[in-house]
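Paired with subunit B in one complex and with subunit C in the other, subunit A is shared by the two complexes that follow.
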Partner chain A sequence: MNRVQRLLNGYGFILPSLVFTLVLGVYPILWALRYMFYDYKGYGTPVYVGLDNFERLMRDGLFWESVVNTFVYAGGKLVITIPLALLLAVILNRRIRGRHALRAIIFMPTIISSAVMAVVFFIVFNSYNGILNQLLLKYGLIGQAIEWLGPDYAMLTIVLIAAWGAIGNYMLLFLAGLQSIPDDIYESASLDGANPIQQFRYITVPMLGPVLQMIVMLAIINSLKGYESIMVLTEGGPFGKTNVMFLYVYRLLFPVSTGSVIEQQIGYGSAVGFASAVIVGAITVLYFYLSRKLNDIH
Partner chain B sequence: MKKKLGLLMLGIALAGSLTACSSGGNSGSNGTNGGNAPGGEATETPKDDKPAEKTKITYWTGDRHDADYIKEKIAAFNETNEDNIEVEMVVKTEEYDQALDIAFVGAQAPDVFRVKENTIQTYYKKGYLEPIDAYLTEDMTTKFPRIDNFSSFEGKTYSLPNYGSTMRLVYNIDLFEKAGIAEPPKTLAEMVEAARKITEVGKADGAYGFALNFKSPGSAFGRSARVIAEMSGYGGFGYDFKTGRFDFNGFKDIIGAFKQMKDDGSMLPGSESLDIDPLRAQFAEGKIGMYLSFSSEPGVYKNQFPAKIRWAGALPPTIDGNVKGVAGFLGGQWMVMSNQSKNKEAAWKFMAFMYSDEVLKGYAEGGFGIPMVPHIAETAAKPQIEGIDGFFPTKYDGVWPLTPTVTPEGATNWDEFWRYVNEGGDFDKLAEDLNNRYNAALDKAIASGEVTAQPDPSFDPASMQGAFASE
Partner chain C sequence: MKINLSRIILWAFLLAVAFLILFPVVMAFLGSFKTNAEVTAGGTIFPAEWQFSNYLYAWKEANFARYSWNSLFVSAVTTAATLVIVSMAAYAVDRLSFPGKKLFVGIQAATMFVTIGAVVLRPQFELMIDLKLHTSLWGVILILISAHASVFFILLSYMKSVPRDLDEAAMIDGASFLRTYRSVILPLLAPGLGVAGLFTFRYAWNEFILPQVFTMNSPHLQTLTVGLAALRYGSSAAAQTHIMMAGACLSILPLLAAYLIANKSFMQVTAGSIKG
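What follows is the complex of A and B.
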């Protein structure tokens, strides 16, 4: 195979994904970057408004509320997901009975669409006849139905559902990382008298360092971007308490009419989308800076 | 086109993660004239034995309640039309508006599609619609009313009405009797009191006085607070047609009553996460004393959630018992033709068939909607659907003029009202903030020439009474 053929082969393989990335990734970004300086409703001529959309963004309480909500949601999801996923991975990396079946079961929520999941969880959590309340009431654990999707508990409920959906995925990534650690290191540690906790602390975590750093980064980005299950479960409510950044963006671009005539806010939505992406980017960079030691240990 | 293509791509990127929200899968290509867009859809191509060379056209609708009837009529059209036209019907119940936008940008638009009283204006501005004046026969011109800003724009006709929706208080007769309430409430105070009494006698069995689908405050208040305001003489969306400005002060007592019911514990727990269908399911089970909604409810309790209780619809209450306006009779349009259609003649033949007396009468008699076309209302037999009697137009139903479309900064009035119902606060301040934001948006829209908002000092909401019935 000559050089030209090799090149053609190579480009041939990447061409489909390159085209998709350009058309569905790069082009919309460039498009949104342009329209964030315009007032555009999806019809008529877009009107150039300079930095007006960003001025509005600065005073937009709904946006900043959604930023806070996003942090609470992402933080809660990470705090539950990462330790649990790591713990499960360590346990299921050992030669225990039924580990393959358990891995499959724990991974299963990952393959279910988060929107479908949200519909199922509505049946569990809704306060008037949800399964959870019925059970808690039946066994006398609560005196009256808890409004799981009400103002006080909606965020907690959503975080729990999101964590449930994500643990399997990160467990699998951790498992892949764990399997790259050679068994003989554990064996020699064991001969030297290290107990499982010491092995975890002094072998597993350091040797998992770079993988751990990557997985947590992915988890952070995914958590900050997630909105599908929230959209199905609460639509960001009650009164904005579960509204996250990208759900806010989505509804500016694709609003739902509930009686009066409504219009798309493509210019402002693009500006909010851009600001949200900058926030996610900044947090990722900050995380890389703070977690650089994970790389050093290895 | 470039900007539209960008929107399409952005839409696909955003919507990609949401396809599972919809009720069905992506059907992929089915070889007909477009009609393949993401979202929950069910395609139905009624059978036809005629030879090839068919003219295929597509009809899109977001309506589910009449889908079987419309399918049946389309099948009849496909069988009997002599022009070899075949209509494919696509029912999209999820994200219908978004799917239409994407279809138009991708030049895959349906030839004919369903519009509503709050979407036709935007589609007109987006340039999706084809005027139908040239096709209208003299007979149709006389039979069908045309309503400015709801079916015709700037002197051109784009759609014709079929049915409209009235808004009513829907109540559980059994629970009212159990609570010793003789008749449905006519004032806000009576509504609050009825909700309290019903909760008192029903709570032990899990029944509460009042509920609404507050998962979407706009949808909940848009079928309740809105119509109470309209009956009381205030614009349902806070716009004062007399002054040409937004003024939300008229909602003070109405939202106050909702707050009172919430504070009293008369609202079904969990109302904040309820969609309309779970609410209906609970009402059908006898767990809700009353709520407010549209005339689609009788059909729902006949087919979707067969009611296990006796129920009825009544005129919504007013603030103080004085009817100073009319309850919005929503509609004025039904089908429109796409300006992208390559088969406009065929599309019109299909529309003309659907607007024929036979189809519209069948529609009314099937109870799928309240006829808005006078000659159908006069000649169609009453549908045999329990509860529908209370939804027929009365003297107090009418069509309000169109509220100017504005996009205010910050939360909508409905979201703010719902927060107030839950968290309390100073309503006067809230109304002032809403007035400022909505009027600023209105001024901006006027300045850009998008809307006109002329004050009409002589506007009298009571003058709209009696347009559809004298009693």
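What follows is the complex of A and C.
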């Protein structure tokens, strides 16, 4: 193949992918980067307003509340998901009976749509005739129905649901990492009298270092981004208690479906989307800085 | 004695986790066969009488036949087109060197991580209006196809494991680059295409927000996820809990069946994504 042929074939073969990515992936982001400087409500002529949207953002209590909610949601999800997933991976990496079946069961939630599961979990956690309250009442574990989706517990409930959907995914990622650690290291350590906890501390964690760092980064980004199941389950309510950043962005862009008090604000919504992306990026960078030791040890 | 105790704790923990994972899915399955009164009153685990008619109602009256067809159409077309587009790109990126290749890979990687949320749906929707595709499911399909960065990296790692000798030999024998792609690369890439296809199909089948926005005003175009979520906020939601569960099971079932047969392939995608 000569040079011209190589270029023609190369560009020809990436062209479909490139066109799709540029037109439907990159262009919409550039579009938003432009309209975040405009006052645009979805109809009429957009008006350039400079940094007005960002001034408004600074004063927008709903936005900052949603930032706090996002941190609580993502933090809660991570605190439950990561240790449990790592523990399960360590256990199911050993040659115990039924490990393949258990892995398959724990991974199962990842094949189900989070929107569909949100509907199912709504039926489970519903305050008045939900399955969970029925069972807890029946066996006398609680005296009266708990409002799982009420103001006090809604955040806890959506965190638990998010963890339910995520544990299998991260367990599998950890398992893939663990399988690269040779068995003989563990064998010689246990001959030397190291107990499982010591083996975990002095072999697993250091040898998993860079992989662990990557997986936790993925988990952080994913949990900051997620809002699909919250949208179906609580729509950010009650009283905005579960309104996370990207759900707020959605509601500014498409308020019709929710019948909420929020007005359609495309320009401002773009600014909120941009600010949310910057927050996610900043946390990712901060995480990389704080977790750099994980990468060193190896 | 000590070993036995730790074993008991270990197994109690594992079984508790398995129980918690299975509980909502099993309850949805069992609930889908109950009457609404039985679901609402609670107190039973198994249906007093198995109401197969719930599924008939969901399928015919509650439009789930339509939703299922729409989901299948969207997912099948998205999967087929994504595999063609992405395998071509992965082949060229792995086998040829050309200026801008690194930039292309960089753009793909960036689209995986950078997100500004639902804002992008607005320009995407306006584009589809310009193309007159907003009144059909093709707009949804094109956008789903465009989000193929992770499939690209999956196939790229499979591409790396296809021995170069084979396609180089074909080219020396006079086959063109396109011909080699069709006759040598695609067959050898089959396992990767299978795994990537499952991944894409699952993603398209489960997608909610995109079809939700695009089909807000056209119920006949709604997919399973959108139709089901609409029941949750419908005026008769309280009277239809059993139908909601039947609908949920209808949308879970095809993927669950595939998962029971090929759960190793499903897991391979996830596991492979950090090895590459």
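Throughout what follows, the second predicted complex is superposed on the first by the 271 of 298 C-alpha atoms of A that agree within 3 Å, B and C clash if a C-alpha of one lies under 4 Å from a C-alpha of the other, contacts with A are read in each partner's own complex, and residues count from 1 in each chain.
Rule of thumb we're sticking to: contacts are C-beta pairs under 8 Å (C-beta built on N, C-alpha and C of every residue); 3 or more make two chains touch, one makes a residue touch a chain.
This structure is a prediction, so every number in the text was calculated from the model and none was measured.
By the touch criterion defined above, A:46 lies against subunit B but remains apart from subunit C after alignment on the C-alpha atoms of chain A. In the superposition on chain A, A:274 makes contact with subunit C only, not with subunit B. Shared-chain residue A:58: touches no atom of subunit B or subunit C. When the two structures are aligned on the shared chain, A:145 is found in touch with subunit B, with no touch to subunit C.
When the shared chain is aligned, subunit B and subunit C each come close enough to touch A:31. In the superposition on chain A, contact of A:115 is made with both subunit B and subunit C. Contact with neither subunit B nor subunit C is seen for A:68 once the two complexes are overlaid on the shared chain. Touch criterion not met for A:79: it reaches neither subunit B nor subunit C. Look at A:185: by the touch rule set out above, it reaches neither subunit B nor subunit C. Set against each other, subunit B and subunit C differ in how many residues of subunit A they touch, and the higher count belongs to C. Overlap of the subunit B and subunit C contact sets on subunit A: residues 23-25, 27-28, 31-32, 113-116, 122, 129, 228, 231-232, 250, 253-254, 256-257, 266.
Remark: subunit A residues 23-25, 27-28, 31-32, 34-35, 40-44, 46-47, 56, 59-62, 113-116, 122, 126-130, 145, 147, 149-151, 154, 228, 231-235, 237-240, 250, 253-254, 256-263, 265-266 touch subunit B in the complex.
Those residues of subunit C whose C-beta lies close enough to touch subunit A in the complex are 10, 13-14, 17-18, 20-22, 24-25, 27-28, 31, 39-43, 84-86, 88-89, 91-93, 96-99, 101, 104, 107-108, 111, 113-124, 127, 142-143, 145-149, 152, 171, 177-178, 181, 202, 205-209, 212-213, 216, 224-225, 228-229, 231-232, 241, 244-245, 247-248, 251-252, 255-256, 259, 263, 266-267, 270-275. On the subunit B side of its complex with subunit A, the touching residues are 3, 6-7, 9-18, 20-21, 95, 97-98, 101, 116, 118-119, 121-122, 125-127, 206, 214-219, 222-223, 226, 236-237, 268-270, 272-274, 278, 282, 287, 402-403, 405, 407, 409-411, 414-415, 418-419, 422-423, 448, 450.
Within the complex formed with subunit C, the subunit A residues making contact are 1, 5-7, 9-14, 16-18, 20-29, 31-32, 84, 88, 91, 96, 102-124, 129, 131, 134-135, 138, 164, 167-169, 172-173, 175-177, 180, 211, 214-215, 221, 225, 227-228, 231-232, 245-246, 249-250, 253-254, 256-257, 266, 269-270, 273-274, 276-277, 280-281.
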